[in-house]
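Order of writing sets the chain letters: A, B and C. Residues in each chain are counted from 1.
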């Protein structure tokens, strides 16, 4: 406790100096994003590109604003988010379950191992027409497609994570009288968590990519569907608005995942290391 | 024998498929028997359709991926070694990396139409960032003492990038390229499914629309197998290139 | 000390600035002269800035206060006149033993046939015959360090900087490597600055031992350790034991001071 107190005091003390060091960096970071948007606007208005090829950024923002006011944006956003997250949730539960089963039972390993090692590197998106054939074009088939694609990284990460748990850790837990059940829930899975989280961080963007593709192909509401509709009517402002919306959604989901990772892995040394990129 | 036991589950699945279709447990429309699918596959090979469309697809994927690897690796190394490049580019990478790449499909069509160009651009844009990030992390992780060693033996700064930073970055770079390889198949097939006049995705779509489901299954399985084979081949090449990492 | 100083350090100070946390004065007004073909050991507790001093001479870190000259020229960057051997070998893991040794020779622009021959000579010199095509990951610690030494000796720098080169080795290998280094230097004499925290090693190898104090790093005393070390049982000779004892007391004082400062 005492140690903690000292560090917070030290942090307060050095704050102005830290701000002086970080602020220019922050400005420099904003600069390139601002420059990109400005370049977009200027290029679009310069007449080098037709408004069809590159609508001005301001027009795209206006379009998003109008969609937001009309409510379409929120319906599409909610639907895409729902499908991606539902698929992701299934991947987490089923993927960790299958991965755990594979590490603990020889039979499960024998059955799933070739399926995973052949299925993981396959471009499963090619099965999309098959999924449509079986399940139609509604939520069920979109979510199924996303699950088929995003579950493999979770299974693989769980297996690798559990394999990597140190023997000494398991032995000392057994030595302290842990039952098999305790062992799994309190030792093996937490120790494998960094790996599993890495798998989940791959799975979530993948679920979103596939959801968007599925929406584009199957139509209906959702950000991907709306983009496709706009594209069919040669409404390129709508297409660019879709990209911005989907980019924002992707960014928010990835950021949320890395926040969750930091929270869950506060004990892990990486949590205190500077983050990558 | 061992391989046989190892891959037995796949054979069992195939047998279950055949049985389910033959015994009419499921509609033969939704699941044509595996033997019929194999028959259609031979047919597709014979009339050259699979080859023509396949080559079109592989060409797109190869060009897009090659561009992505070259540009991505350069960007990543630059970001790791030149501070201004890092300050300018890293916010852009951070914004575009999480962008679901499939969202770019309609835009590339707006820019370059329905042909090869739009697919190549899509694959290039979609695959570049995983390569960049791999190169960046790898190059940034190159050990200071190795850099110093090379410099003290008379290597210029540029030479040092080539001799030390690039090889140090190789494991992570190759890993990034593997991600890009998988992504290139996904983007290729989905863009061809949505708009194309030839290619695997186009073939799958048009066969599906005609109701020749056994042929559609044949193409789907071919694409899936090619993706798998490409990954295995890449892994084998990587192992050879990184032989120095493993003792014995 | 009749020979003119080859390496001249005048009032060199260095401030270490960590990314987060307080600045530390790592070196404070260090002055030192090293003569041509002299072997000087820098000895001190960990954190006394002895490695930093070596990196400054190597030109890897910028000299911000004071001056360092080698052969009358100011040090501004790394160069092949000063070869360095690091504690953790710093071999290129993607190159074989031969490839590592060849690298410096290639950079010097030596013709192919000549450098192949020279690399082989140095492989023989450090006793790595038969391991030419092994990668560093396949070698033991001692073999890696021999490769690193051969790599640096091969391009024939006038000055050799060694940063705790035997620190990562086990005690037996260490002893063997020290004797081998003595043998090599008798054949190819060099000016050497050798960083270590092992008193016996310093006395055994060096002509002079500079004892450093910790935080801020200063040179506290310089002890002359030049005497005949060819005797079979040199480590038990009276003159050797006395020198070790003398220096050990100097270092111990510093280590205790450093400990006390750290815990407050």
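To be clear about the criterion, a contact is a pair of C-beta atoms (placed from the backbone, for glycine too) under 8 Å apart; a residue touches a chain by one contact, two chains touch by 3 or more.
Small disclaimer: the values here were computed from a predicted structure and weren't measured.
Participant: Which two chains are joined by the greatest number of C-beta pairs in contact?
Facilitator: Looking across every pairing, the one with the most contacts is A-B.
Participant: Average the CA atoms of each chain to get its centre, and name the chain whose centre is farthest from that of chain B.
Facilitator: Between chain B and the rest, the longest centre separation is with C.
Participant: On a C-alpha centroid basis, what's the spacing between chain B and chain C, in Å?
Facilitator: Using C-alpha averages as centres, the distance is 48 Å.
Participant: Take the average of all CA coordinates in chain A, do the same for chain B, and state the distance between these two points in whole angstrom.
Facilitator: Once rounded, the distance between the two centres reads 19 Å.
Participant: Quick check: what residues of chain A touch more than one other chain, meaning two or more?
Facilitator: Where chain A is concerned, no single residue meets two or more other chains.
Participant: Could you tell me which residues belong to chain B and also touch two or more other chains?
Facilitator: Nothing qualifies.
Participant: Which residues of chain C are in contact with two or more other chains?
Facilitator: none
Participant: Sort out for me which residues of chain A touch chain B in the complex.
Facilitator: Contact set of chain A toward chain B: 25, 28-33, 36, 52-53, 110-115, 118, 121-130, 132-134, 149, 205, 208-213, 216-217, 223-224, 227-228, 230-231, 236, 239-240, 242-243, 246-247, 250-251, 253-255, 276-277.
Participant: Which residues of chain C touch chain B once you look at their complex with the stated criterion?
Facilitator: My answer: residues 55, 58-60, 77-80, 82-84, 86, 88, 90, 92-95, 103-104, 107-108, 135-138, 151, 155.
Participant: Hey, which residues of chain B end up touching chain C in the complex?
Facilitator: Touch list, chain B to chain C: 143, 145-146, 148-155, 159, 163-164, 167, 170, 243-248.
Participant: In their complex, what parts of chain B are in touch with chain A?
Facilitator: Those residues of chain B that touch chain A are 5-10, 13, 29-30, 87-107, 109-111, 133, 136-137, 182, 185-186, 188-190, 193-194, 200-201, 204-205, 208, 213, 216-217, 219-220, 223-225, 227-228, 230-232.
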